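Take a look at the following structure, please.
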Amino acid sequence: MSKMARIRKEKKTPWQKFCAWVNGDAAEQMLLPAQPPKESKKKAAKAKREKTTSNHRKDMGLGQFDHIYRICAVLIGIAIVSVLMAVVLKLPLFGSPDNPSVNEVVERYVEKGLEETGAVNMVAGMILDYRAFDTFGESSVLFLAVTCVTMLLMRDRNNTDKKEDMLTAQEHVIEGYEEDIILTKISRLIIPCALVYGIYVVLNGHLSPGGGFSGGTIMGSALILFAVSYGMIRMSRFFTYATFRKVTSSALMVYAASKAYSFFTGANHLESHIPLGTPGAILSSGLILVLDICVGIVVACTMYGFYALFTKGEL
Amino acid sequence: MRLVLELILPILLIVCALAVTFSKRLLVSVVIYTSFSLIMSVIWVLLESPDLAITEAAVGAGVSGLLLIYTLKKIHALKGTSDE
Amino acid sequence: MEHLLINHYETAAVILFGIGFLNLLLQNNLVKKVIGFGVMDSAVYLFLASQGYIEGRMAPILVGEVAHAADYINPIPAGLVLTGIVVSVSVTAFSLALIQRLYQKYQTVNFDEIVQLARQKGDE
Amino acid sequence: MPFVYNFPFFSIFICMISGIVTPLLKNGRWAYRLSLFASGAGLVLSSILLGTIGPSGQSYSFMMGHFPAPWGNELSVGPLEAVLAVAICLVMLMALLGGRKDIFDDILPEKQKLYFIMMNEILAALLALTYTNDIFTAYVFIEISTIAACAIVMAKDQSATLVATMRYLIMSLLGSGLVLIGIVLLYCITGHLLFPNLQQRVLELVATGQYTMPLTVVVGLIVLGLGIKSAMFPFHLWLPPAHGSATTASSSVLSGLVVKGYIILMIRLFYKVFTIEVIRELRITNMIFLFGLAGMIVGSVGAIKEGHIKRMLAYSSVAQLGYVFMGIGLGTDIGVMAACFQILVHASTKPMLFGCASALSASRHHNKQLHALRGAAYENKLAGVGFTVGALSMIGIPLFAGFAAKVFFASATMAQPVKMWMTLLTLALSTVLNALYYIPAVTVLWSRPVDGETGEKQPKDPAFAVSTVVFIAAVFFLGICYQPVVELIQTGLSLL
């Protein structure tokens, strides 16, 4: 009796079939050979663990607490949703030109934006010039996140275990000998395009949609693709933890210094002496271009850093 | 056409969010979440915010998905690979 | 009801917020908790951006020489959402890294089990 | 504009830039020195600022960039902000000094640099939360302090701290989500992000009766979100494991400052955006009041049941935060004044208690169970004295800072008969409960150890001595010469 027949034999409602399909059960049953011994062992272990935990729970009276907690959580959730629904009912209509958020602030951003910031893309002008303090905070969040991930995942004596080490060593060996032909050939085509596109998006941040963050992410994904297809060893020839630190810190320093300059001159009503250039040219809009480049570099390094730490635990 | 899209896409978002919640396998959740981000980026285009569309496509559908999948690899939750 | 239909993006955003919120509170699986957080944040951004949209106006990228405020949509929500997306991807990366370390210590990503195991070891 | 007016901006940027430069330094020691420098510089700058604007009661707003109020970011500075900034920088400096030994013992050498990045950024975020005049900037810095706070909890890198961090992170994310949607709704109904313009629009909306329901929801969501993040009563369960298991300096900073940062922001939002009258009319204050009272009792009861000294102190933080919420919940200027004073009192007492507790446990192989610490005060007299002073202040003995705070709370309730009875009863009950766990702890520390159970002698730690002496001085200063501080807070509140 083949597996297919067995599957067909079990009567299922369309909904169950759909669920199975979503969860990938059907395909797996067809494609993968069953591995009963391993599975059952695992299940037994799990069952044992569940038993101990449930016993433990009863001892500490946690089961009841858990129950109450769940009911409360659902009630709070429903309450928040219904209150927000009621708020939506009171809010101005979607897409209407006279809702309260369209006021003199928007007017100035749109009408004077080009003159005051030199950016054709008003969103870039807004986040990097009018409200630059927010955006500086945002870059710091990214910097903090990569620092936290380094704290957690960088290999040290607290978070190494033998099994993982063996697996990584194996992967290193495989990486050294065997190159995936399809992957390397295709990535040789794609990586330059992605890098150039990322740089384009960064440099045109003040003229067209995009900017430091999205462009940096695209460049970062190109770096990740390189690391995936050619291996981390080749990557580490030109990108090590020391370079990573230097590059991010100095890019953020440039960012902080230029913003500090413009905040200081702005608050003390001094002339800023930064030319805005002709609108629409690449070299225009004063500091926005510099800031975009800095953010782009930081984000690209950060994204690659996340990847490297998540896979190997080192940069 | 636009109207239909505008009505269908939010519904699809909700369906995706529910599917993420109730799917049994983590890989499936992650894949659905990535498609959730992709739908979001189409919605950003409809809402005339191309900046957000680019960012969401690069971050939500790209890097977040990647990080989630590598996490699944580390926690041995990828079905059908030698990890399981 | 009609109002909810016209404001369908906001309505969807509220529902998504609820789903994400409950996921964050009720899911035991930490990876799904993180995804729930992502859904919740996206919902808030959707809400904000849909309030900035104005029927029949262009994206806030200048066309031509002179800008009229009546031609473009509100650029502020887009800027705020951009900042928000960066924050949420940072938080996602941080929490995923934390999950990996917890898995390394406890061999599970179920938070209840982790708490129980920690209690049994007597170090929580 | 006088040059002194730039100092808030300088202090924030010095901290952020020190954080950015830290990865390039040679090792953890240099990073530690840089952190000391950053908080010291912040302290000096804030003190000069306070000296300039405090006595004359000036307040001003500082443009971050070339664009004025509704368009660009701003800081707003007054005497209250300056007092809080001085306190924040001082506590940070002293926490770093007092926890020095534990930082270098608990954290792996290659990760010490990263720890100090977090400390610098937390200081920057707290200063920014104190000074900011823009609600979205406030959100961004809330996120910075969330991430950095989680990072300093997990820096010790043990199983317990990781679990505590996860719990803390989940609750913080819930809180940020609620705050964010509150801010978004507020933007949708007002169209502004800066405090002065928001206030103007909110008052207009209240006067016309438009959007009253959304406004209530906004206030509720923001209070709920910030309440979760600052361990308001029903959401306090994440606090004891996080504060109890982190390294000493982290515990001091978290309970002394980070939790307060959100409360400071809440007070500033109440005054500068919604105005306290509107909040009172919406009856949000009554909710905060009740949660505060419940927190005072529940926190103390939790502390009585706890045998682990740091977790006991963490539960006591929940109780002390309950006092702060109660003060805000009174909804009057004088109540909020008492809450601000309590913030200062707790910020100067709790870090000292944490520092002394871990110094005492150092001679007992870092065993932090209370019964293991019998007689530990004889091995480290200064830490014993510090702990005793802190404990007496927390109970509310006259001449100590905690007593002054309690007197202010009691006198703040005089105008409202119903709240007065509830407050006075709970204050009395809470004082008794506080005594019930602090007095036994102090007695255990000072009782002679049973036969030869003495631990090894610890080497002298001058940094710890400096920090404890400064904290003891601060406790007595706030307990005896509180008048100038209170006057500053009062002028500050009237200028908000």
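Which chain is which? They are A, B, C and D, in the order written, and residues in each are numbered from 1.
We adopt the following convention: contacts are C-beta pairs under 8 Å (C-beta built on N, C-alpha and C of every residue); 3 or more make two chains touch, one makes a residue touch a chain.
Nothing here was measured: the structure is a model prediction, and the numbers come from that model.
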item: Result of counting contacting C-beta pairs for A-B and A-D, higher pair; value: A-D
item: Euclidean distance of C-alpha centroids - subunit B vs subunit D, Å; value: 38
item: Distance between chain centroids, defined by C-alpha means - subunit A, subunit D (Å); value: 31
item: Cα-centroid distance, subunit B relative to subunit C, in whole angstrom; value: 12
item: Residues of subunit B engaged with two or more neighbouring chains; value: 49-51, 55, 59, 63, 67, 71, 74
item: Junction residues of subunit D, two or more chains touched; value: 136, 140, 143, 147, 150-151, 154, 181, 187-188
item: In subunit C, residues with contacts to at least two other chains; value: 8-9, 11, 15, 17, 20-22, 25, 50-53, 57, 59-61, 76-78, 82-83, 85-87, 89-91, 93-94, 96, 98-101
item: Chain-chain contacts as defined at top; value: A-B, A-C, A-D, B-C, C-D
item: Of subunit D, residues touching subunit C in the complex; value: 136, 140, 143, 146-147, 150-151, 154, 158-160, 162-166, 169-170, 173-174, 177, 180-181, 184, 187-188, 193, 241, 245
item: Touching residues (chain side subunit A, partner subunit B) in the complex; value: 22-24, 28, 31-32, 121, 123-124, 201, 209-211, 213-214, 217-218, 220-221, 224, 303, 306-307, 310-311
item: Subunit C partner contacts - residues on subunit B that touch it in the complex; value: 6-7, 10-11, 13-14, 17-18, 20-21, 26, 29-30, 33, 36-37, 40, 43-44, 47-52, 55-56, 59-60, 63-64, 67-68, 71-72, 74-75, 77
item: Touching residues on subunit C, where the partner in the complex is subunit A; value: 3-4, 6-11, 14-15, 17-18, 21-22, 25-26, 50-55, 57, 59-62, 67-72, 74-79, 82-83, 85-87, 89-91, 93-94, 96-98, 100-101, 104, 112-113, 116, 119-120
item: Residues on subunit A engaged by subunit C in the complex (per definition of touch); value: 49, 52-53, 56-57, 66, 70, 73-74, 76-78, 80-81, 84-85, 88-89, 91, 93-97, 99, 101-102, 105-107, 109-111, 113-114, 120-123, 126-127, 131, 134-135, 138-139, 141-142, 144-146, 148-149, 152-153, 159, 161, 164, 208-209, 211, 213, 279, 306, 309-310
